[in-house]
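Going in written order, the chains are labelled A, B, C, D and E, and every chain counts its residues from 1.
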Amino acid sequence: MTITQSKIRRDARPWASSGPVVTLISFAGFVAVWFLAAYIADSKLLPGPVEVVEFTIDEAVNGPLLSELGITLWRVAAAFVIAMAIGSVIGIAMGESVVLNRWLDSWLIVLLNLPALVIIILAYVWFGLTEAAAIGAVALNKIPNVIVTLREGARSLDPGLDEMARAYRMPAMERLKHVILPQLQPYIAAASRTGLSLIWKIVLVVELLGRSNGVGFQLHLNFQLFNVTAILGYTIAFVAVMLAIEFFLVQPFERYTTRWRNRPV
Amino acid sequence: AQDDEVSVGVLKFGTVSWLLDTIQHYKLDEKAGVKLDMLPLASNQATAVGLQGGSVDIIATDWLWVSRERAGGSDFTFSPFTTALGAIMVPPDSPIQTLGDLKGKTLGIAGGPLDKSWLLIVAYAKRTANIDLRTETRQVFGAPPLLSEKAIQGELDAVLNYWPYAARLEAKGFKDLIGLEDVVEELGAKGEVSMVGFVFSEDWAEDNPKAIKGFLEAAAEANELLATSDEAWERLRPMMKAEDQATFEALRRRYREGIPERTTAQNEADAKVLYRFLRELGGERLVGPSEQLAPGTFWIGKGS
Amino acid sequence: MNVTRPVGETGRFEIDIAEKTYTGANGVPVPVIRDFRLQIKPESMTVLMGPSGCGKTTFLRILAGLDHNFDGSIEMPEETRIGFMFQEPRLLPWRKVRRNIELVADEAFTEEDLLILADALNIADKLDVYPGELSLGLARRAALARAFATRPNLLLLDEPFVSLDEPTADRLRRLLLEVWEARPTTAVLVTHNPREAVMLADELVLLSPRPTHVLETVPVDVPQNERTPAMIEEIYSDLLKRYPENFAA
Amino acid sequence: MTITQSKIRRDARPWASSGPVVTLISFAGFVAVWFLAAYIADSKLLPGPVEVVEFTIDEAVNGPLLSELGITLWRVAAAFVIAMAIGSVIGIAMGESVVLNRWLDSWLIVLLNLPALVIIILAYVWFGLTEAAAIGAVALNKIPNVIVTLREGARSLDPGLDEMARAYRMPAMERLKHVILPQLQPYIAAASRTGLSLIWKIVLVVELLGRSNGVGFQLHLNFQLFNVTAILGYTIAFVAVMLAIEFFLVQPFERYTTRWRNRPV
Amino acid sequence: MNVTRPVGETGRFEIDIAEKTYTGANGVPVPVIRDFRLQIKPESMTVLMGPSGCGKTTFLRILAGLDHNFDGSIEMPEETRIGFMFQEPRLLPWRKVRRNIELVADEAFTEEDLLILADALNIADKLDVYPGELSLGLARRAALARAFATRPNLLLLDEPFVSLDEPTADRLRRLLLEVWEARPTTAVLVTHNPREAVMLADELVLLSPRPTHVLETVPVDVPQNERTPAMIEEIYSDLLKRYPENFAA
């Protein structure tokens, strides 16, 4: 005989699952692991968090960190917006139209697998060492990824809702806004998150190959000097920005757009 | 009159940038009637891309690249900047005394299997120690800073690296197993050969005679200054990122030793000799289709 | 062939579907409709009845212009404004019930209209929740509200009153008649409930099993609001006698 | 009055939408564009397709192309399998458990935004210039992307089907196989496609920084020599392999797993 | 408290739900069940009736152990094998109908059993298609087949016979009785169809509107297979008299 006895757990959230607390503890854990690893390694190849943060602060106050970071962020943002806009449109179109997909599929795969290096070199050689070439090259690297992700999303759209929208003669823009985009939300979220990080990684390469500033430029300089502290210092400055964007922008927005699921995100 | 502008793409913190910084600081460019515009970049490839794409007028690279490009139809040309070359460095307590001792050892090589220093050393070892380093050692190719670090960690028995990296290792007690100066001599050069120089388009130089002349003059003058003045070096110290006095001194010494002393014609003659070895060992991949050093590789400009 | 008429006036419906065949994922053709001929009078209420799986939903989809992949022709008034209550609610899960209705509502449909409608359907307290928080019966009522809110000329209802308790269902049937009478609306309704069919139909269309076609068209001549329960039972038992295989348990 | 007159279009596929034909034409178009661009540019920085293919064939027959390609493909495959396996498990777990997600979220974002360079350098420095370090570093670069994509997938799983599986007491493995994975299919497809290409791009960097063979090594070598023909030659060899995998492996598999949608892919 | 019993034998069901409250996405608490007390006799057929949206589905979910977030207790035999026909079909769209059934079927359930069952439900020709190619009525029958195929001790049916034409529905009601009698099964069924309820119930449970509780438990003492249509009509009109607000249109 089984007896189920339940009590509604109202606001009985244990500390181990309450949002900000966990995030803080988890983050502290990360720092602690790093600290320990650095302590045990005791090598200049693995500087500890204190040393790195000191470098970051010093470089921010006395060095070029802030301006370099600003420049890199601007490039990331510009390339991100371009890539998401173009990639989403093409991706959704390819997901919805089998014929279009057939036409563009092989181009897509070629573009997807062109090494970043090749695109960047060709862009620089043809368009000069300019900001536009740099941002364009980065966007071009990311666009096929966005297309691939959103194409999958468009393919798995609910045909029932599509019929509903057509029966009610919803105008195209309304349909996009209320029927299609909400269904694509998880795909857009995935493409954005992986996109931001991919773009930033490519921006680093772009900066390495033909810009005179930016975090990538600094990273590479410091790599040549094998200054791991500086490499990590610049890295965590960027990662800190990304963490801030994630926790103060992306996640609240995500909670808002998925509140209908009535499940915490 | 308005000074002619010359834009130079350089590796930031690279040795060329020391020179350019000296020029700018002592206003040697103005003195020579040009205005130097420095575009700092993060990799050698970036400078080459910049030159090809027309974003800069002058970069620093080697004459082999120039010869290959010329053979492919472009009009780049070369003017010597330094004779300093890479070196094989071994750890302080290493049992390796001669090239022969490298047999069976792990050797890190910056720049890959077609690196010119590496090929010249291979040729040298064949002649003097009768060993083929390419088959009788285990080679690890990789990024220069990573290889230096690996040598310090002890994962590599020896490392052939570019001279600034070699200098830094020297400051850590590493020993020069063989210097490239000896190598080129053995291979038939009449003196120290300038491998790295300023590279620019012939067309551009002809259209801007004043600019190129002024730039080379300013460069020579700055080298003069760096060869003699310790004070000029003190000024450069922050850019050199030398972690200690020993490194600083090693870098300074090697730089000074590398200042070319011979004429362009002498350099060119020796380059022709070395070209043969490089062609033999590196093949067309490395040197391009030309049987010999492409004519015009060394710039004999008006006034030079 | 396009004759413009004053908006709101409905015209003749001439349906002649020679063949509608689906191709299954395994490649097997499934003929669903064959030689289906039907005329629908403008502003009438047509009730379709037929065995489960015969092709009723398929027919409604073709009528709504959602499926052009058939052999035959459909003639109907232009500028038809459609209200379609599907067999499943098909609400947008990420929009509150209110938005689901407003998004497709007629332009002249006001907040007040919405509240009156919601009240009549007994979903007034659910207007500001998401569809995922509704019971199926509530969701179906929300879908019905959406279909009504478009103020359609052509109202297609696929089993609108299932999953509802009898008192609620009955109230909604009356509401349907009100909505239908208030404006010139042609309604086509699918149901399996014979009493419901008799209560609502101007014309009762009996369909054959798949591939479906019209077996019989039974007109019910008494105006809907004059039909008493007794009269409905009477017509029903008459039908039961005439078409035992369609109605008998 | 509107008259809709329809005829069932049985097998009336116009040539412009029939699978292989379109793919071929589209691919031919790609080659034509390339050819024209090269012809107009007339520069050795943009060699035409003929020249590049000649190089590829020559390098395959007389040069190291095949062995280098083999090595790179092996690295790509190994890193891909590792990244997909680990990333899927963690991603699904994070999507299903809010608490776990809170615990790992900040680590994930840090890892996601660590530049490839940093991970690769640290891997080489700590684990030596070994094959394991190289593959591990690549996998580590890709894992966070897989996690992010599959987490979104797990979050949008249908709660109705989950209830069904629980009511019928389906064993965990069955549930995974029949309920969860099919729903995750589009996310897995997106992660795989973008994953293969990302991994290959990172393998190039890894090979560039510390391996003595592989396509990346060759690319870098040729980049130093500014031999664009060789760069493109190696690139198209890899892209050709990817196209073959896509058209002969991935797409048939995809058609098989999504045949229930009864829509062409 | 866990007493092991021979498999297959069902035991007592003691349900006492003091409170079940959902929290909406907007944070508003929605009390759905309050002071719900019910005993279910083993191997009986209990039919629940209540207004749409009162909490019937919620109750079934709690009974099936799908929702533990309530205040109260449920006592039931251990090792209960559940067959649950949800209000929507909830078939796996990527598995053919056959696989959908086999995946949860009893181990002793053979291909032959499957064919017999499919025949009885009239879905034999749909076993090898995907659920997306079924009409709603067909999909519901497939879901019913799945629930039966588990050979459950506890069979939960949430409006199993809606969206079906009367002849089919009636055949399925008889099939349900067969399945239920063949093995010791406790069945709980939700319906809005009073005649269906009277035809099937051992015990008819009338529920209040939300937050729901048991209004009345009406036993029907004649064994199901002895109930004639006339008898059913009689009991129904009796109920109609006693609980007009629950049954009257």
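Assume a contact is a pair of C-beta atoms (placed from the backbone, for glycine too) under 8 Å apart; a residue touches a chain by one contact, two chains touch by 3 or more.
Per UniProt, the chains are A, D = Putative aliphatic sulfonates transport permease protein SsuC; C, E = Aliphatic sulfonates import ATP-binding protein SsuB.
Predicted model, so just to flag it, every value in this text is computed and none were measured.
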item: Per Cα centroids, the chain farthest from subunit C; value: B
item: Between the pairs A-B and A-E, the one where more C-beta pairs touch; value: A-B
item: Length of the line joining the C-alpha centres of subunit B and subunit D, rounded to whole Å; value: 40
item: Whole-Å separation of chain centres (CA-atom averages), subunit C against subunit D; value: 48
item: Gap in Å, rounded to a whole number, between the CA centres of subunit E and subunit B; value: 85
item: Residue numbers of subunit B (touch at least two other chains); value: 45, 52, 143, 146, 149
item: Subunit A residues counted as touching two or more neighbouring chains; value: 45, 121, 125-126, 216, 220, 223, 260-262
item: Touching two or more other chains - residue numbers and ranges from subunit E; value: 24-25, 65, 88, 130, 132-133
item: Each pair of chains that touches, named by its two labels; value: A-B, A-C, A-D, A-E, B-D, C-D, C-E, D-E
item: Residues on subunit D engaged by subunit E in the complex (per definition of touch); value: 160-161, 163-164, 166-170, 174, 178-179, 182, 257, 260-262
item: Residue ranges of subunit A touching subunit E (in the complex, touch as defined); value: 1-9, 259-262
item: Subunit B partner contacts - residues on subunit A that touch it in the complex; value: 45, 121, 124-130, 207-212, 216-217, 220-221, 223-227
item: Touching residues on subunit B, where the partner in the complex is subunit D; value: 44-45, 48, 52, 65, 68-69, 72-74, 111-114, 139-143, 146, 149-150, 153, 155, 285-286
item: Touching residues (chain side subunit E, partner subunit C) in the complex; value: 22, 24-26, 30, 49-53, 56-57, 87-88, 128-130, 132-138, 141, 159, 162-170, 192, 194, 229, 245-249
